[in-house]
Structures are given as C-alpha cells and as structure tokens.
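What follows are several structures.
Here come two complexes built around subunit A, the first alongside subunit B, the second alongside subunit C.
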Partner chain A sequence: MATAPATADLAFAKKRRLGEGGIKAVLFVCALLSIFTTAGIILVLARESWTFFREIPLPDFLFGTRWTPLLVPRSYGVLPLLGGTAMIVIGSALVAVPVGLASAIYLSEYASERVRGIVKPILEILAGVPTVVYGYFALTSVTPLLRAVIPATNIFNAASAAVVVGIMILPTVASLCDDALRAVPRSLREAGFALGATRHEVATQVVVPGALSGIIASFILAASRAFGETMAVTLAAGATPKLTLNPLESIQTITAYIVQVSLGDTPAGGVEYKTIFAVGALLFVITLGMNVVANRVLRRYQEVYE
Partner chain B sequence: MTASEWRGVPNLVRRHRQSLWLRRLFKALTWLGVVLLAILLYRIARQGAGWVDWDFLTSFPSRFPVRAGIKSALAGTIWLIGLTALISIPVGVAAAVYLEEFSRPGRLKTFIEINIANLAGVPSIVYGILGLAIFVRGIALGRSVLAGALTMSLLILPVIIIAAREAIKAVPQSLRQGAMALGATRWQTVRHHVLPGALPGILTGVILALSRAIGETAPLIMIGALSYVAFVPEGPMDGFTALPIQIFNWTSRPQQEFHGLAAGGIIVLLVVLLLMNAAAVAIRHRFQRRR
Partner chain C sequence: MRKILLAGLLIPALALGGAGCSGQKDEGESGSQLSGVVHIDGSSTVFPITEAVGEEFQMQHRGVRVTVGISGTGGGFKKFCPGETDINDASRPIKEKEVRLAAEHGLDFVEIPVAFDGISVVVNPGNDWVDHLTVAELHKIWMPDSPVKTWRDVRPEWPDREIKLYGPDVDSGTFDYFTEAVNGESQVSRPDYTASADDNVLVTGVSGDRDALGYFGFAYYAENMDRLKVVPIDGGGGPVVPSQTSINNGTYAPLSRPLFIYVSTKSGLRPEVREFVKFYLQNAPTLAAEVGYVGLPERAYELGWQRFESGKTGSIFNTDKARSGLSIVELLGL
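Let's turn to the complex of A and B:
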C-alpha cells in the first residue's frame, strides 16, 4: 500500500513537468519576439526598397545630388538628405561632446557624492523630455535668439535644430562617459597622484585615456541618436533638401523627409511612397552599424578592467 | 639634477593654477546642462500657463485657438498607453524571465541579448515604418489605436526587458535555492518567489518605459494618427490622436496663438511625465527602505 501515494506523486510530478514545459515554451516565444522584430524591420525595408531600386538605380540614389521625389522633374539623389542629417549630427556633437565629457569628468573626478546625487538625475531629465518639446523649444526660443544675433538666419535652420538635439543627447554622453571614467581603477589615479600629478593632470592624462574606448562608444551612441532624431529636426530644420554647408539655411534630414511624406496624401504603392522605405533602410543600416560598433567597443572595454 | 634638467619640469604654481581653472570650467559646463533645463521649463511655463484651464482639458481641437482644447488628444493618449501597457508588460516580463531563469548560456542567448541591445538603439521612426507596413496595412488594423499600441509596444519592449532583467537579477540566489530545495519547480520558484521579489524593480522600469511611449511622436505620425480629431475613441479599432501629435500640429502652425496652445499641451504632457516618474521614484524608495 505504501507505493500508491508514491505513484500518485510521480504522476503529479509528471503533469507538473508538462505544464512547466508549456510555460517555458511561451516564455521562449516572448524572448524570440525581439528577433522577429528585427527580422520584420529588415524584411519590410528590404521588400519595399527592392521595388524602389528596380525603378531607380542604386548609384543614382546614393550619389545623386538632387532630391525632388515629390516635384517634377523628379530626382532621387539622397545626398542632400544625408548632408542635412550629417549637419545635424555634427552640430549636435559640437554641443554635446564638450559639455557632456566635461560634465562626466566633473561628476566622476571632482564632485562630492552629494552634488553628484543631485546633478546626475537632473541631467537625465533632459533625456526624458519628449523630442516634440525640443522641437517647440527650438522653434520658439532658439531660432528667435539666433535671428536676433544673425538677422540673415532662416526661420527654419539647421543650427537651431542641431543645438536642441545636442541638448537632448547631452545626458547620453555625460552618463555613459561617467560610467566609463568610474570604471577606471582607483589604483591608476593614486599612482598618478603619487608621481606628483595635479588633479586635472590625473583626470585628463590618466583617467580619460584609460576610459577612452568607453568615451568613444558614448560618442557613437549619441551620434546615432542624433542621426535618428525626428521631431526636433522636422519642426526646426525645415523641409528643403539641399546640399549646403551653411547651418543658417533651411535643410531637410532623412527623418524629416519620412515625416513629410507620411503627413501628405501620397498614394501607397507609388515611387514617392516607396522612397520612405528606401531612405528608411539607409537610416536603419547607418544607425544599426553605429550601435553595433558602440556596443562591441563597450563590451570589450568592460572586460579590460574586470 | 643639472640646470637643464630642472628646466624640463613644468612650473608647479602654473600647473596648480591650470588645475584650478579647469576645475571651474568643468563645473561651469556641468551646471550649463542644469541651466538649459531650467530655461526650457521656464520658457514653456511662461508661454503656455495662460492657456491651461479646465476648458482646455475638456474641449476638442478647434480652428479658433480660444476654443481649442486637448480632450481628444488626452483620451487618445490614455487609450494608447493603456493598450500598450496591456501588450508590452506581459510580453516583456516573460522575455526577461526566460532570459534570466530558463535559458542556458549559449549562442542563441547571446544572439537574443545582442539583438535586444541593438533594437533599443533603433530610431523610433523606423518602428513607425514597421508598424505602418505590418499593423496598419499588413494585418489591416488601419489607423487605429490598436495599431498604434502594437507599434509602441515593439518600441518599448527592449527597454522593459532590460529593466526587468536587472530587477530579476537583483533577487538573491538564496531565495531560488530555498524554493527549489523544498521541491518547487523552476516556474513555481519564479512565480512565487522571484517575481514578487523583483516586482518593485519591474514596476519602476515599466513606468519609465511607458513614460517614453507617452512622449513618442514620430511612430504615431508614421502609422497615421490623425491630427484633427473631434471625437473620443470608444474602442481599440477607432482612429485617434495623441497629446504629442496635437502639440506637433499646433507647433507647426505659424500663428502665435497656436504656439501658446502647444505650450499648454506641453505643460500637460510634462506634468503627466513628472507624475509617472515621481511614482517610479516612490516605488524604488519604498522598496529600498524595506530591505
């Protein structure tokens, strides 16, 4: 009689294990969803771009210097959009890199724990402000200021958008650089001080070089965010795709073009409609490339000091 | 040391002075970020405060700025975020549980992890393109709240998964070992011990992820959220507008009054975000005290 409860227990355990397998399968599918998402993005972009490039040869797209898909005579050279986007990325880096790196050095090498505990969360609020708010700020505050200083400035201009995008990505740079600087072992700093170096010499000649790969990764990640930024550049930088080096002129970025098309009544299926997938694919490939490189650099440098 | 060697040693006074100035420069640049945030908030408060009142919250948008309000936008945002939460929280937590508690180290796990890290950096407008092609046209949901919520869910899933994994990781290993020693299966351990322990951390992460979704504009424009909506969505298949779309629409008009309305909308949006972040901080704080 002693075996009966034991077999009942066994049967119960078996049933329980079956349920367990089912649950595990469900959880697994949820984890796989991220791969489906990536695959979905790639498939959608590839399929629509494919039909686009059957009509427009790839070299005309990549190296053409006129982008007028919505006007006759139509032309599909993406360089003006890329140039506009590059101007925003470089301009925002000019704001975010010095300020972000200086903030990170100050927070990690100089500031007391108390100041750090106050300033770091405040800086991170900047990253939480919705981008449409930055667009509003650029249009109603930064642009009028620029126009007051330089009257020739266009109402829509690259400089104003670049400044607010720079403010927006500032916390990315500051926070990631701060992490990188703090990962440099204390012993390196103490060796510097023991050799008679001043605080700034230790900071700029020991700690920053020691954290260089993390710092560069933070720059790449921030640049990739600026590259894909949409609302601020749509509102403030304008909608005139043109190759120019003058940041006070109106330009158009890749993202702003995509928004412009989807706001209009472009019929689905036409070449104009397919352009958003072609430029979207370009945007995806470039930002993904930047993120992959940055994440790889980050992982490698983490291993160095661990 | 000979005289020529001494000349090579930099002047100590000069070096210390330099050090002091650099310290001031770093400090000033750090506070610059704080000052910029203050200016941003101040400008918006000044331009928009006059427009926010009860009528603003309870009126539909209008051609006449004085009569315009954000009723439909606010309702659309609540619908959108509610549905997004319903979809993304279970899926995101499940994925995190799988990666932390069930998966074995190996190529597949590394691949999924790298994939999630890279997805977190994909520009939001690309998610909009995906949503347009798959949800709006592919499975023909049209320009509905549901299509918007599905798109938003994909967008914030990486954020939720990463936060939930951190929270699950922070649950002490001894809890798992205790439960398993008493004969609990892996899932029972997770269900009754790990998840309750990780709940505050997961909640904090979820709130922060949803607050990102509230402010997202570009993917909604892509999937075709309307900018002039004089109705409140009554089901997941209805068309909708959302707060950031309404703000975008008003900002892109040339008239000064509409900019005031936009600032008013921004104030409401920022207050909602502030409340959500305060909730996240409060949850974290309570949790830390109890430990």
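Let's turn to the complex of A and C:
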C-alpha cells in the first residue's frame, strides 16, 4: 500500500527535477551569452588592432601628435584624439562632480521626504534624455550662448559639449553619491549632533568621509561614461583633431572620429579603416581600466558598518 | 500562455507581411500615373539643384516620392555602387576605386553633367583687408604643415590676426576638387580647420567670425550674400569674382567645375526614374540658375539625355581627356 504512492511520488519528483534542470540550463545559457558577447567583442578588437599595429608601430600611434589618417600625408598619432576626449571628460567632471555631490548631500542630509520624492524622479528623467538630444541642445542653445558671451568661441567647441555631457552624467553622480551617503548609519550622524556639531559640519566632516569610497567610485564611473560619450560630442565638439588647451576651439574625440569614419566613404580593409579598431581598442582599455580602479577603490576604502 | 505565444508570433508576422505588401507597390506601374520612390544621395553641393528638381517633379507626379540625401559625394558613391541608391549627386567625377566598386557589384552607370559650379572662397564681411587671393596664396594657406597661422603670414601688409579656417570634410566632393585644384592632389590639406559636411554650418561659422576664411559651392554663397564677402581668385589671369558669367565662360579658374548626376542603368529601366532624369535635364538650366549655379549649354543637356537613352555607360570625366581642355559639349560628343 505504501509503495504505490511512493513510486508515483518518485516519478513526479523526477519530472519536476528534469523540468528544473531544463530551466536551469536555459538560464545558464543566457548568462553565458553575455560572456560570449564580451569575448567576441574583445576578439574582434584585438584581431583588427593586431593587423593595424603590424603596419603602424605602437609608439608612433601612442605618442604621435598628428592625427591625419584620412588626409594626405597620413599620420597616425592618437594624442590629439586622446586630448580631445580628455578635455570633454575633465570639463564634464568640473560640471557634474561639484553639482552632483552637492545635490546628493542636500538630498540625503537636508531634504524632507517630500522634496526627495520630487527631486529624485526629476534627476532620473534627466538621465533618461537621449544623448543625441543633448548634442542638439548643445549646438542650438549652449553654443550660441557661449558665442554671445565670448565672441571668440568657435561654432564647434569643446566647452559646449563638456557642459552638456556634464549635465548628462550629473544624475549618475548624484544618485550614486546619494546611495553612498545614505549607507552611512544614523548613529554616526547622531553622535556628531550629540557633540554639538552643526548640520553642515556633520554632513561634510562626518558623513562624506564615511561615504568616501562610494563617492569616489561614482566619480570614476561617471567619468568612464563621459569617456565613451558619442552623440553629444559628435554633434557639438567638432571634427578637427588637434592638441589644444583652449576649450573654445573645435576638437575631435575618439568616439566622434569612429562615427566619422564609419559613416564616411573610407573603404573597408585599408589601414585608414583599421584605425577605428585601434582607437576603439584604446577606448575599451581605458574604460575597462577605469572600472577596475573604481571597483578597487570601492572595496579598499569601504567602511564596514555593523 | 498559449495565447501569448500565438499573439507573439502573429503580430510580427502580420507586420512583416504588411510591410512586404506595401513594398510591392514601390515597383513602378507605367501609365499616366507614375508611382514609386527614387532614391538619391551624394553631394551637398549638387543637393540644392536635385532637391529643387525633385520638388517640382513630385508636384507633377504625385505618386512618386523623391528622397535626396547629403552623405557627400564619396559617401553617396559608397551607397550607389552596391546599388542601394538610384542616382548619385556628385561634385566631382567618379574615382577609379568607385568605378571598380561598381564593377564588383555588377552596376553600370551613366554619367551626366548637369550644371557648373564655382567653388567660392569667402570671408567675413567685417574683413576689410582681403581684396583678392592668388592660387599660390590659397595653396600656402591650405597645404599640409602650412606655415600660415595669421593673416600676416599670407601677405605682410595684412593684420597680425589669427586666421580661422572653415571647409568641407574629407567625404565631400568639394573638398576633393578644391584640394586637387589648390594643392595639386586630392585629399592633400592641412588638418586644423573646422570641418563640416553641412555647408550651412560653414556659412554660419564664417559669417560669425571676423578672421574666418572658408570655401564651399557657389550656391551657398549666392544664398547668403548679405552675410558673406566673396574673395576674387587670381588663377593667372587677374582676380575674378565668381558669378554666373565668369563660371560659365571659364574665366573663374581653377575653381570652376561641372556638377554631375550618376544614374544606375538598372534603375534607369524603371519608368519613374527615367521620367525623373528626363525632367531633370529639361529643367536643370532654369533651376540651377535659381539655386545659384550655372546651367550648361543647351547642347550639353541634349547630349546628356542621348547618353542616358542609349545607355552609354562609364565615365569620360575621370579620364585624361577631361583635362585636355575640351569643353563639356565636346567631351559628351565623344
């Protein structure tokens, strides 16, 4: 009498286990897909860059100051593109870091729940605006404004692009900093107040140092996003690769150059075409490095609260 | 669950089917009512003419849509040679590598000149020191590793102000033609100028900057005469201002050049494309002049149509014959 139900149970259990196993396999394949895609991208970049660097020596590429792969005479020094990209990253950081951190401090230390409920969603909206709209906004609003204030401003310039990229990464900085600040336990704040510190002193001397690792990680992540920003800089920053410290001049970033060649009439397979893989690989390495550093910083300076 | 799966399969299938069905209508039906789409891309210099022709054509043939892109002469050929577009606007003759690309895809084309253009060198209206420029001076300004950083470097009596350069980008036929005429070889140019495929951006740039110097097709100057000052060019026979007359009779040298359309013979078999080309050649003289370019002699358009009708493929303008001083009518008659 007891065996019949046991066999039925066993059979049922077996079917369930098979189903479970099947689902597990499907989910595992999906997870594996992301690994394969990343590996595929790295492989393509590496292979094409390898053939490129067999024709153009690496030192010429990394340390040359003239980037003219599409003009005659050809030259393949990537520093102008790196310089242009760096100007955008630094410029946007100058906009996003102070404002983002200040917004985060306000939201976590000073704002009432009601204000938080209004401001945070609006920050999310800012993050959701398509980057091409930011680029168009830079070209049609920010640049004319700059030209009205400083007439020497070029019609394409690094400053407008940096400003809008800064606005674009602002939500990232504000949101991550806010999370980091909120992770600091209340007891620390209350201890500060108990000692007679003002709200401002508690915020800047107790909470921010306590959340430092998260804050720095947010800066690095935002910067790596600015590094890879494409549409806004392609529209607003220009197509003139040159090494300059003047933000009012037209420059070209790595991403804008890749757009120019991909959409242009450069025939596939030549050295000129392979430049996009070389600079793409460079971009990949830099952003990967920044993410690794961000992770390290996060882990190293993390305060462990019970 | 089954309902979701069914819906998930049906809806895309219907959408694709619907899209496929509407695609069928694009095969032109001959008769009094033409229909279909004519895909045109290419030079931003030729764009104003083709756009004007397209607009007039669409008013007369309401069933036909004419789409005109501005990927640049080179960018346009990149799509034209594999057969993605029907017509390519070109502000320079087709290059050898583009002829090869077309051959690889089994594409035959007919080359038809449609107008004359004079590339205009412009400065800001507030620039009161430039009276003319010689070709040698242009070369000095635009050559790679140019020593020219200020206006004084061009001519010592000019002010010591930094010169700001504007020009089309590397995909532009205007760029190819200008660099060949001024620097001797196509694509040879200094790299540190504000490059843009959009000539309107260049107009805005030059008109807003007192120290600016730029170059683009004559139509964009003609349209913005109040915001720009044109520079007479001395090609060896004294300074000549680009105008309808000087471009037509060849005195505005070396920056006068013919503008072309390249029509794929396969597309030319479609009635709407054929009618469009006919309409183009009939109306190019008037519309080109309206837009700011210069029409060719009447005979040139007749010969152009004959080439198209007889399916005479290949390019003569990219051969040495074109440089030997023969006029357009003579070249077309060959």
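FYI, the second predicted complex is superposed on the first by the 274 of 306 C-alpha atoms of A that agree within 3 Å, B and C clash if a C-alpha of one lies under 4 Å from a C-alpha of the other, contacts with A are read in each partner's own complex, and residues count from 1 in each chain.
The criterion applied here is as follows: a contact is a pair of C-beta atoms (placed from the backbone, for glycine too) under 8 Å apart; a residue touches a chain by one contact, two chains touch by 3 or more.
Being a predicted model, the structure only gives us computed values, none of them experimental.
*Asks:* Quick one: is A:S34 in contact with subunit B, with subunit C, with both, or with neither? Answer first, second, both or neither.
*Replies:* First partner only, subunit B.
*Asks:* What's your read, subunit B or subunit C touching more residues of subunit A?
*Replies:* Partner with more touched residues of subunit A: B.
*Asks:* Just checking: does A:F277 make contact with subunit B only, subunit C only, both, or neither of them? Give me first, second, both or neither.
*Replies:* It touches subunit B, and subunit C stays clear.
*Asks:* Based on the superposed arrangement, let me know which partner A:L245 touches: subunit B (first), subunit C (second), both, or neither?
*Replies:* After superposing on A, A:L245 lies clear of both subunit B and subunit C.
*Asks:* Which holds for A:R199: it touches subunit B only (first), subunit C only (second), both, or neither?
*Replies:* A:R199: touches subunit B, not subunit C.
*Asks:* Can A:N154 be said to touch subunit B (first), subunit C (second), both, or neither?
*Replies:* In the superposed model, A:N154 contacts subunit C only, not subunit B.
*Asks:* Taking the superposition as given, does A:L263 touch the first partner, subunit B, the second, subunit C, both, or neither?
*Replies:* both
*Asks:* Once the two structures are superposed, pull the subunit A residues common to the subunit B and subunit C interfaces.
*Replies:* Overlap of subunit B and subunit C footprints on subunit A: residues 263.
*Asks:* Which part of subunit B faces subunit A closely enough to touch in the complex?
*Replies:* By the definition above, subunit B touches subunit A via 15-16, 18-19, 22-23, 25-27, 29-34, 36-37, 39-40, 43-44, 47, 90-92, 94-95, 97-99, 102-103, 111-112, 114-119, 121-130, 132-134, 137, 154, 157-158, 161, 185-187, 211-212, 214-218, 221-222, 224, 244, 247-248, 251-252, 259, 262-263, 266, 269-270, 273, 277.
*Asks:* In the complex of these two chains, what residues of subunit A are touching subunit C?
*Replies:* So the residues of subunit A in touch with subunit C come to 66-68, 70-73, 147, 154-156, 238-242, 250, 260, 263-265, 267.
*Asks:* Can you list the residues on subunit C that touch subunit A in the complex?
*Replies:* So the residues of subunit C in touch with subunit A come to 71-72, 74-75, 77-78, 97, 101, 144, 164, 169-171, 185, 187-189, 191-196, 201, 204-205, 208-209.
*Asks:* Give every residue of subunit A touching subunit B within the complex, in rising order.
*Replies:* Those residues of subunit A that touch subunit B are 16-17, 19-20, 23-24, 26-28, 30-35, 37-38, 40-41, 44-45, 48, 98-99, 102-103, 105-107, 110-111, 119, 122-123, 125-126, 128-133, 135-137, 139-141, 167, 170-171, 174, 198-201, 203-204, 221, 224-225, 227-231, 234-235, 255, 258-259, 262-263, 268, 276-277, 280, 283-284, 287-288, 290-292, 295.
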